[in-house]
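The data blocks that follow each hold one structure.
In the two assemblies presented below, subunit A is common to both, partnered first by subunit B and then by subunit C.
This part shows the complex of A and B:
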């Protein structure tokens, strides 16, 4: 028998089966209620509420802000004073807003060059069998679950002139290092960065530890067998495999830096003399203190566009390759 | 999307561990670093808690000293004041509403997006993920204006609803692949036994999704509990304040009575810390699992 005829014979045999299973599938569909009106009804019941909430409170406010942003408006009375792009022009010619952007960028860069290498080093170092590992993980993570408001107040108390931190420096014989941590315009931003690091670094370390847990131990052994030194193994094997976790870390850190608000708002109110103003504190200040809602809407739109562009570009170029599925996805 | 791949992570527990080179020096360094980290993390918390047991005079005289003698009045004043309990209650109400809304509506939407076949499904999913691109802080002022239009200012719902709306994105992104991974045979079996699709959702899918639901629930709760900017805009009347707002306000109101600020601050972090220690596995797993790459 030739192959062809065998194939024909088989397909001849299976034809009734196909018809059968098609009928069964139709029946199953009917049972499941896949008739189109019923499916539509179920879908609107399932998706409707979420969609209303999402459109009403996430999409619409931003869309309306775009509309408000072309008006000069103090928030009361009718919108009638169309001024076009003047609000946007004003933002980019206000030196305080430019400084706010600079402050956000400084925080972002400091996170990248200080927090990230430090976090990776710490994660690599404590990723070993040691006593009290669970406790360490717990403690490291704890500041992250506190509200930024509590963190801000706690550190404000410690950083008071002549307070706890100053006393520590004096006791350590480094009294000359004492500064007006929150009062000196040259220092305040870095103080806030330190406080932010205290709150958020632990989360990043736990994230990186989880990423490390996902890398099979055999890889390290194999590299060692091939004569690689521990340092080489770490650099050539472990770090590349940690890549996806690091890229997520960077993404979260950058978005976090862009929206920094609670700490400077509570600790310094953006001061002194605007030295710790961020885009978010600037924007809220224009809104609730000087009632310039049209202008504040424009600043919101600018901040939104920054975030959106960053997210899109970063996902397009840095995160996309991670979606192919990699070892670290199995991190536990 | 950053977080999408993240999503199956909580399902899969660690496979095998990589451990660093176990040299004696490395281990010693690890312990040393561990101790430093613990000290840096705990000292500020201890400082505030102990500060509550001192008088303002003691604090001013020896900023870095221990309580001597121990004073209980600060804590007593805070605990017997109604405002602390008010803030605590408000925080709880807001967080419970926000979490409930997020989990219920998110699960329903994720079910539709994962187990129904219809036109525009992927587009709709992509639409929901827009929320991951920008944090609520960015939209806070536009949201405030929106809530004002809706008459939701000075209203706990006015904070809870937007929080839930912003949590929907991550919730759907976590739940959809989870629900998708549940075998179709289960659904067919349920249907053959005469269960409707919604019945299948309620009786089979939801119980099976419990781990993922816990993750998104924890995420929504912690986010809401700590949220500051929206309550700041929405509430003017102290009656409505949540704990973070209360702490910040208390500090500026009683700046002269430092000891009381210490007591108030440490009491307000107590619920979080207790909750964290009790549910640490769920919280650490939930918060990191949600974003893991």
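This part shows the complex of A and C:
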């Protein structure tokens, strides 16, 4: 990464030259006319389908959700009851929605504090040359291949009272640890976090492994020659170079935490007593179950804004260095 | 069997499981999908069920009723050929074939009316119908009546079929009024439901209980006896929330007279003290800790670990559920004789309760017509609810308690006969509150009772939940 950015920086010195010739080329193009037409045609041909999909399935739905969100609307009949920002006000005065936000934040923080170090450790471990490495990698990644619905149903069965997990604890002589994993309002959110970790950590680990593969072996050798201990090598050489991958990991994990839906929805319906409600389960419950499409749209817009702001801020402050050079920007 | 399970599950589970696709913009996307998807379903897949049908229609007995009920004089739809799309939630056998046969037989009697059957999984149909009503709705579709029906009418896409049904709707008893709004018939029920306690006669015996409880105090005493015998007294599917609400609603029926309940629900404000008392009764029951371990996360009908599964496998002694329980239970256990071990008793009374005698909690399944060819649709519903067809549906295990009282003689199971005679003695069958009220209020009630079961909130808060939801 860093070599790349240095390269762009150096090329900047020769910029006037390049710019001149580019300008000349453009003028030439304009004279020809034909090739610029071809360029446009090519552009619209290549970008068109993606643009149509993006506008139709991303931009437009967001716009429509914003539009619905200012109405009190049950999904039937015409939109006529404009209530302005009342839906938004209602969301922020509903204690269940506030709790849902807290739950999302708890999951996000736990991911950072528990999942990330664990993922890095496992990635470092199975990055070493050892027997059965391929198999271990497969095992780690396997849960991610399952659909969330399958994961949720399987874990629900294992976690039910007297189920597999309870038996496991009892047979290990830790019968007093047995709880109503999904039925206790104080525990359920953490149970879901464990299941989510089981499912999604594999993906993060593969991501980190790919990052580790990109670190040249020479650096490690050089560090070893200089007398660095393995721990020092890891801390001073490997982890800093893994930085871009970790930052992407955090980004994906945070967005995933904010949008957490399928596991709690299937395992608990957001219950008991709202103890595992997330913003996404809340909005689906209000839309599909309560026929409050206007209100649910407002909640979906709030969720979108949260994710969007996070993405922008993170992009601006954390990811900028990593993506430099790989993103094109407007000239000027 | 499975189909029936699903279908009956159907009735009561707007809210259970199943994931809907989710993105930040899910809601908006659904709205957009409405226009296109409803059209697609109209013609797209319909060929398959129709071709299936030819086999089912020709093989079984020809004893099936054919011309039993054509709707008076004149040709349906002016004699012009028309194809009606029929959405129902019996997406597995035996219900699927049974309904297909009804559609085929009707077509044979009225060659100009073709019915294209579109079975959907219950959770799917519940999301598809409101969306379809924003675009082109199916011509005949599943309808549970009540507040949701009243909301759907606002779309202007539901047909008022009063003029076609008035000559025969009386055959379906008073319950048919649940599919009417402001005296206009917008749908027709084909079966009815009633809620009560299902119990294991063998476990009651084991715990030394000689007769089912008739009062709350007796029930609590029996809970103690069952616990002493090491048996979980009551199974409860708290994850699905609506089974929780059954308790509070039944206590209300015991504490409050009919006119108080109906007027309060209609006013969307439960201010009478009897509603708070019902919450206190429920608290008293909860305090006796009668429910299975982890009932807050137990589902109602899915698998052996569900509340119905616990009852089916003798892991719990009672469950408060509708008549559909007898269809839900058998597939959840390997015990072939489970049906013979089941008994039924009405919800116990409370001391000093002002409830109207003969009041019960229930509902039913039915269908609505959209505005295209309402006369043909109504004639079809008349045919569907006629004695020969209902008899055929009962025998095929697609219906438990028919809406047409004259078809009830087809019920053969002794326990169901008891349920039937209980239902026949019911003078006031209150539709489940969550269905009676608009969806938003109904959902709020279920949430409030579910929280109450988890030890959160007060009896007063329960009663207030209705007015609070109504104000939003």
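Everything that follows uses one rule, which is that the second predicted complex is superposed on the first by the 273 of 332 C-alpha atoms of A that agree within 3 Å, B and C clash if a C-alpha of one lies under 4 Å from a C-alpha of the other, contacts with A are read in each partner's own complex, and residues count from 1 in each chain.
Criterion: a contact is a pair of C-beta atoms (placed from the backbone, for glycine too) under 8 Å apart; a residue touches a chain by one contact, two chains touch by 3 or more.
These figures come from a predicted structure and were not determined experimentally.
In this overlay on subunit A, subunit B clashes with subunit C. By the touch criterion defined above, A:82 reaches neither subunit B nor subunit C. Once the two complexes are overlaid on the shared chain, A:105 sits clear of subunit B and of subunit C alike.
In the superposition on chain A, A:188 makes contact with subunit C only, not with subunit B. In the superposed model, A:140 lies in contact with subunit B only, and not with subunit C. Put simply, more of the residues of subunit A are touched by B, taking subunit B and subunit C as the two choices. In the superposed model, A:290 makes contact with subunit C only, not with subunit B. In the superposition on chain A, no contact is made by A:239 with either subunit B or subunit C. Shared-chain residue A:280: touches subunit B and subunit C both. In the superposition on chain A, A:113 makes contact with neither subunit B nor subunit C. In the superposition on chain A, A:90 contacts subunit C only, with no contact to subunit B. Between subunit C and subunit B, the overlap after aligning on chain A sits in one stretch of 23-31, 95-103 or 239-247, namely 23-31. Comparing which residues of subunit A touch subunit B with which touch subunit C, the overlap comprises 57-58, 60-62, 64-65, 68, 75, 148-149, 157, 160, 162-163, 259, 261-262, 265-266, 280, 283-284, 287-288, 293, 296-297, 300, 303-304, 307.
Of all residues in subunit A, only 57-58, 60-65, 68, 74-77, 90, 148-149, 157, 160-163, 180-185, 188, 259, 261-262, 265-269, 271-274, 280, 283-285, 287-293, 295-297, 300, 303-304, 307 touch subunit C in the complex they form.
Subunit C meets subunit A in the complex at residues 14-20, 22-32, 126-127, 130-131, 133-134, 148, 151-152, 154-156, 238-241, 292-298, 303, 305, 438-440, 442-444, 447, 450-451, 453-456, 472. Across the complex, subunit A meets subunit B through its residues 28, 31-33, 39, 42-43, 45-47, 49-51, 53-54, 56-62, 64-65, 68, 75, 122, 124-130, 132, 135-150, 152-158, 160, 162-164, 166-168, 171, 198, 202-203, 206-207, 210-220, 230, 233-234, 238, 244-245, 247-248, 251-252, 255, 258-259, 261-262, 265-266, 280, 283-284, 287-288, 293, 296-297, 300, 303-304, 307-308, 311-312, 314-315, 319, 322-323, 325, 328-332.
Residues of subunit B touching subunit A in their complex: 1-6, 8-9, 12-23, 26-27, 29-31, 33-34, 37-38, 40-42, 44-45, 47-48, 51, 62-64, 101, 105-106, 108-109, 111-113, 116, 118, 124, 127-128, 130-135, 137-146, 161-162, 164-166, 168-169, 172, 187-188, 191-192, 194, 196-198, 222, 225-229, 232-233, 243-245, 247-248, 251, 258, 261-262, 265, 268-269, 272-273, 276-277, 280, 283-284, 287-288, 291-293.
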